Amino acid sequence: MTNTALHQPPADTAPMLEMIDVHKWFGEFHVLRGINLTVHAKERIVICGPSGSGKSTLIRCINRLEEHQRGRIIVNGIELTHNIKNIEKIRSEVGMVFQHFNLFPHLTVLDNLTLGPIWVRKIPRKQAEEMAMYYLEKVHIADQARKYPGQLSGGQQQRVAIARSLCMNPKVMLFDEPTSALDPEMIKEVLDVMIELAQEGMTMLVVTHEMGFARSVAHRVLFMDGGRVVEENTPEEFFSNPKHERTRLFLSQILH
Amino acid sequence: MTNTALHQPPADTAPMLEMIDVHKWFGEFHVLRGINLTVHAKERIVICGPSGSGKSTLIRCINRLEEHQRGRIIVNGIELTHNIKNIEKIRSEVGMVFQHFNLFPHLTVLDNLTLGPIWVRKIPRKQAEEMAMYYLEKVHIADQARKYPGQLSGGQQQRVAIARSLCMNPKVMLFDEPTSALDPEMIKEVLDVMIELAQEGMTMLVVTHEMGFARSVAHRVLFMDGGRVVEENTPEEFFSNPKHERTRLFLSQILH
Amino acid sequence: MDSSQTVASRPFHPKEPFWLDPRFRALLFQALVLGAVALLAWYLMANTIANLQRQKIATGFAFLEKEAAFEIGESVISYSAADTYARALFVGALNTVKVAAIGIGLTVVLGTFIGIARLSSNWLIARLAAVYIEVMQDVPVLLQLFFWYALFYEMLPGPRQALNPMIGVYVCNRGLIVPSLNPHPAWRWMILAFTAAMVASWLLRAWARRRQDRTGRPFPVFRTSLVLVLGAPLVTWWAFGFPRAVTLPELQGFNFVGGKTLSPEFSALLLGLVLYTAAFVAEIVRAGIQAVGKGQREAAMSLGLRPAQVLRLVILPQALRVIIPPLTSQMLNLTKNSSLAVAIGYPDFVSVANTTINQTGQSIEGVALIMAVYLFFSLSTSAFMNWYNKKARLVER
Amino acid sequence: GTLDEVKARGYLIAGVNGQVFGFSMPDEKGEWKGLDVDTARAIAAAIFGDASKIKFVPLTAVQRLPALQSKEVDVLCRNTTQTLLRETTNGLNFTHVNFYDGQGFMVPKKLGVKSAKELNGATVCVLPGTTTELNAADFFRKNNLQWKPVVIEQTPELNKAFFSGRCDVLTSDVSQLAGHRAVAPNPQDYIILPEVISKEPLAPVVRHGDDQWFDIVNWTVMALIQAEEFGITSKNVDAMLKSQDPEIQRFLGVTPGLGAALGLDDKWAYNIVKQVGNYGEIFERNVGPQTPLAMERGLNALWTKGGLMYAAPFR
Amino acid sequence: MSGFERTMSPRPSQTPDDLKPPVTTVGPLGWLRKNLFNTPLNAVLTGLTLFFLWKTVLPFFRWAFVDAVWVGPSNLCRQSEGACWSVISQNIRFILFGFYPYDQQWRPITAMLLLLGLVFFSRDRKFWTKTLACAWIVGLGAMGTLMAGGLFGLPPVESTQWGGLPLTLLLAVFGLTAAYPLGVLLALGRQSRLPAVKLLCVVYIELIRGVPLISLLFMASIIFPLFLPAGITINKILRAQVAIILFTAAYIAEVVRGGLQAIPKGQYEAAESLGLNYYLTMRLVVLPQALKIVIPPTVSILISAFKDTSLVVIIALYDVLKTTQTVLSNPEWMGFSREAYLFLAILYFAGCFSMSHAGRRLERQLSTNRQEGG
């Protein structure tokens, strides 16, 4: 892995994702307070910030697991509205990896992977399975294809979850703290897979506190606090020379 | 703590524990294949070996948590047979500490400690509590006496478990991987307590992979494999100059 | 090793006193327990036999072959007072099966419905469902049966003033009376067509799955099957020229003649059992659905699956694993509770057996029969459960 | 024997129906009322000289015979029909009949039915497990009539079912029909059809094999009848003590002997009449024309008045 | 939707701090929208439900309260449109106390108040002390004495004369207290390593659970007398009580077994290696933990046992359901079943609901306890 290759800023293409003045409330509680964000294809963004700052909510708004109440979200040229067709389209173009893996326990690893392709993309099973095996190999876990999720370790499960998203050939991948439910030795195997993915040029939005990952992979680091993007910076600048007091405080807690 | 003091071989007294050609089968599976072992009072033995080699089974046979099927086991002059009087006698003279502590979660620490003395030794509660406090102090945890096990850390729990065994004034203490369920920082506090115990001259049989402990405390190290004691040696010899190929292989894995 | 000499010098006791051997104690204890139970059984038997002889009560099942000499209000098969006790009991058993089977079907539907309503995002509906569940669970089912039965005959008019909501349909305190179809070959063909359509749907499902595996194109199996299952009988009906001659129920003398009657006893029993058990089923369904974490739905949704697919492919398979075991035991409870029919005059098995006991005086045989029949139900249920659990476990691990 | 047990216990235990108005049913204070109840009280009065030394156990049709056989009750005063099989195979003895009954049918007047033969197609409410159920089945079979039974074990439920129109016909012993009619919201709307399809002699029942006890119960019932024949009532019984009639003197124990023969106090009959009254009084009080049941004496009149009530001589 | 049209042209957010959430998402309006009208389907459902409630609750309210006759003779009721609650008020003493001597009915009242008080003080785990246990023992004794009499100058009252609510409560309370230990024993037996004991317990539990309660009640009422030697009889109430105990015990056994299975093997081993024998291991280590785990399912068994006592009407015991039916078969009160049964339903509901409420509360307390102490 060459760090430099990873840090080349992406070619200036049409934005893959645009968020324009996005607001969201939970009841009276103002969670997202005017988010503006443009992500181009092949760009990799890391989002960090204290707990409760709205990181998960932001990311979940992008594939409509939460509904935003003001502003616009446009993914790959399609705007997220109440139009159910659009929502489904966007969801099938956006992959999401959760903190708790959320694999389907009643299906084998292989069936977990082929579920989306078969039912959403309407791909023949054989082909879907081939593709699934391809991605399983990519996450170094092809030998576990016939097992059930319950029989795998946390790290293996999370890699299966990543492969499951990849099987849908997403344009963007969203990660919500993909390693925070894992034991230390497993964190590495998952991060390795994510770095490989980055090398292949996937557009990624990653909520994480793994600062090593941010440093080596991200094009931009966003720091959120109180529902706002407080600081947006390159990783070098962000870690060495944070602009905001709040960021500095946060970093001092994280990087002991 | 002086290592030399610990390594003085015990005075040659009557054997505290004798195992003569002990065999055990689980169904068709031959777990212990002729164990011969003599432990004198104040002697400290460390048993190690690969997983599944029968270490736990060996130790559990000594206080009849498992029944051996051939050979003889004699503890402090009493033979383990089907005579329940003997079994009860031996159990009250042998203390056992488990990998998973097995404290009684519905009782306070103090009640955990006094349960045996009150109901088995029939000691008045007051006296039992005094003794319990004495041993709790010994394991440096007297301030937690009124808490419930669930409120303690793993290391604290294991120390309570040791104190609980001590409250029965055992002649021999058996430890089955007492530190392997603990986080690294807690391992030390438990090992320290065990070393103090060793210094006071307790007869101990310890199944552990903590080679540091073995080196500094044990009089003899036993290496088991496939239900047999493959090698028996002083710690110095064992670590520096193992006799068997199998032992060497094992040590190379353990001491990376 | 060298320890053998040390041992040789030590005195030991190869023969322990046997009464200290735990194995011996275990045997002794078991023998004592079994002995005590056997003794008790023998004592009761002896008393019973002595009492039966003293009171000159006949024993054995010979009475089953005798003429029952009593009538039974409703029956699935033909029965008259001249038939044997055995047939009367069989009629009772069939009646139990009838009310249990229909009750189970309705309970599952209603219970699922209420369970889902309990989880509704509509506050009003969720509250109403919660109130329903709480109230129904906390009132004895026998009381509910009495209540519904009383409601039926106290509120509904007599046959002469029967409500006539539709032509040929009457509601009165004799029950719900509907027209019955006149015999016609078309009916048999329609049933045949229906069965054929069911089989066809099943085959279609297999075919559609194979095709989807091959080409990826899904097939609307459910909708097609629905059309098939409904359409095939209709087409058959049409082919026979829509025979629709029916016998309208007619008030003749005391009662309606012709048509089919759903008696108040049956209806009250069914209603009581279904409303009561549905409350428990609703809780089970709710728990089952809630047992599938929110994350599962979100993960499925973010794959782009549509809500119906999320439900069918992800939620239901998991929820059912949680739901089916307690659901089965509720079904069994419903069957057992149907024995309360005896209190409101529906001739179920217990009711018929009770009459039999009364007539013959052979209470032991009668109660033994009751127990045997219900044991049969519950043993077959637990056999099913074991089978299912094995299967479900396979899926999980 | 049973007498000693009862005396040792200090009270009599009588099995009753508990659900038939006029025969045995608790009132709103929980006091037992009815003809069967009073018959049982008379037995208590005979034994203890105190009609209140008695406990009642309500029994369902299924329970009644086992309860007597197992000595749960000393005597069964529960409108039980005397039949050959019951006397023999169930090990029971029926004492003197305290009510002559027969099974009949009751229908609402507005149906316009005049005879049981017109009941083709009717829905019939019937108590299960009784001779009634069998008689009805026999009757309809014999006359080739269609019918549909509704059998409900709980008498109140059965009554309610009939009066609210669930059935066209209620069949039971005529006396009970009257009882049931009496409890109807509008008794005048119902008629009891003339057919009586069976004989139902109702009598207190005791166990086989205790002759002394049988005698006591048997003669208590007869004493009630005899008192009426003598014209002794609860009101005039004290005056009657001074009667010069030797038969009455013997009966009331003024001349001792009869009581002792039964193993009872010589005042036993006096106590019965004093505390419970004679048969006529009991009848009038519980089921007679003044009561909601409004029954005529009919078969239950004294033999001297054309009925069947006939007591053997007290000598 | 309109919200989106408004924001079609992106404007930079100037003062997002003062920004209020869209009015339709907060406040009473937001609540209504979120909870009742969040989708068109829900809006329709809400409308239908409200209409249904309007059509049912209102007439019911009129019937039950406005037009109701609360006291007074039955002919008053027959003229009225509403509910006839006087079927209850005029017969309340018979419904509640059955045959209990009329002038002695203060005794069951006192006993029931005593029971209520004890239950009230047992509702919270805070009060679970030795004193309370003693209070229960003394209380149950006092209740027995009050009901049966014969001591302290109270005239004795045979148990055959007990009826109504005291009988229901008696069957429930004694049924449960006796079934519990028996159920625990059966559960231990079913877990036993001794095959004969295990077999017996399995057969018993499965047999009992496989048959309906009324078959056991029939057995108690008509077969049981045959089991006893000639001349020995057991009171009918006691026999029904035994049937209820035997029945409930089997269900409790299954619940307790669940708790026993949840105790890790290490607990047994730790107790054993301290030298505790089987009895002490169970009593001091295993059962305290297992019984705590199974409190929630136990409560639901208690509730169903309480409801099941109503089945004794089928064998002619005068529990509160039977006394009510007796009142209803009185000509004066015939036809008012709805009111009477509703009253009973409320009675049972109150009992069961408070039990399940207490159960949930206990569960909550225990689960917090477990976090800090278990």
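First chain written, first letter: the chains are A, B, C, D and E, and each begins at residue 1.
Definition applied: contacts are C-beta pairs under 8 Å (C-beta built on N, C-alpha and C of every residue); 3 or more make two chains touch, one makes a residue touch a chain.
Bear in mind the structure is a predicted one, so any value in this text is a computation, not a measurement.
Shared contact partners of chain D and chain E, listed by label: C. The highest number of C-beta contact pairs joins the chains C-E. Fitting chain A to chain B on Cα positions gives a rotation angle of 165°, stated in steps of 5.
Remark: the per-chain Cα centre closest to the mean position of all protein Cα atoms belongs to E. Chain centres computed from CA atoms place D at the largest separation from chain B. Chain C and chain E have Cα centroids lying 24 Å from one another.
Separation between the centroids of chain A and chain D, computed from CA atoms only, is 89 Å.
Our note on geometry: chain B versus chain D, Cα centroid distance of 84 Å, whole angstroms. Taking each chain's centre as the average of its CA atoms, chain C and chain D sit 44 Å apart. With touch defined as above, residues shared between interfaces to two or more other chains in chain D number as follows: 62, 66, 69-70, 153-154, 157, 160, 164.
Within chain B, no positions touching two or more other chains are listed.
Of all residues in chain E, those touching 2 or more other chains are 218, 222-223, 225-226, 228, 230, 313-314, 325, 335, 337, listed in ascending order. Going by the touch rule set out above, the chain pairs that meet are A-C, A-E, B-C, B-E, C-D, C-E, D-E.
Residue ranges on chain E touching chain B, taken from their complex, read 264, 266-267, 269-277, 280, 284-285, 288-289, 292, 370-374. Those residues of chain C that touch chain E in the shared complex are 26, 29-31, 33-34, 37, 44, 47-48, 50-52, 54, 120-125, 128, 134-135, 137-144, 146-147, 150-151, 154, 336-337, 339-340, 342-343, 350, 354, 357, 363-364, 367, 370-371, 374-375, 377-379, 382. On chain E, the positions that touch chain D within their shared complex are 78, 90-91, 93-94, 97-102, 158, 160-161, 163, 218, 221-223, 225-226, 228, 230-233, 235-236, 313-316, 318, 325-331, 334-335, 337.
On chain D, the positions that touch chain E within their shared complex are 18-19, 21, 25-26, 28-31, 55, 57-60, 62-63, 66-67, 69-72, 153-157, 159-160, 163-164, 182-185, 187, 292.
Interface of chain E with chain C (complex): residues 35-36, 38-39, 42, 45-46, 49-50, 193-197, 200, 206-207, 209-215, 218-219, 222-223, 225-230, 303, 307-308, 310-311, 313-314, 321, 325, 335, 337-338, 341-342, 344-345, 348-349, 351-353, 356.
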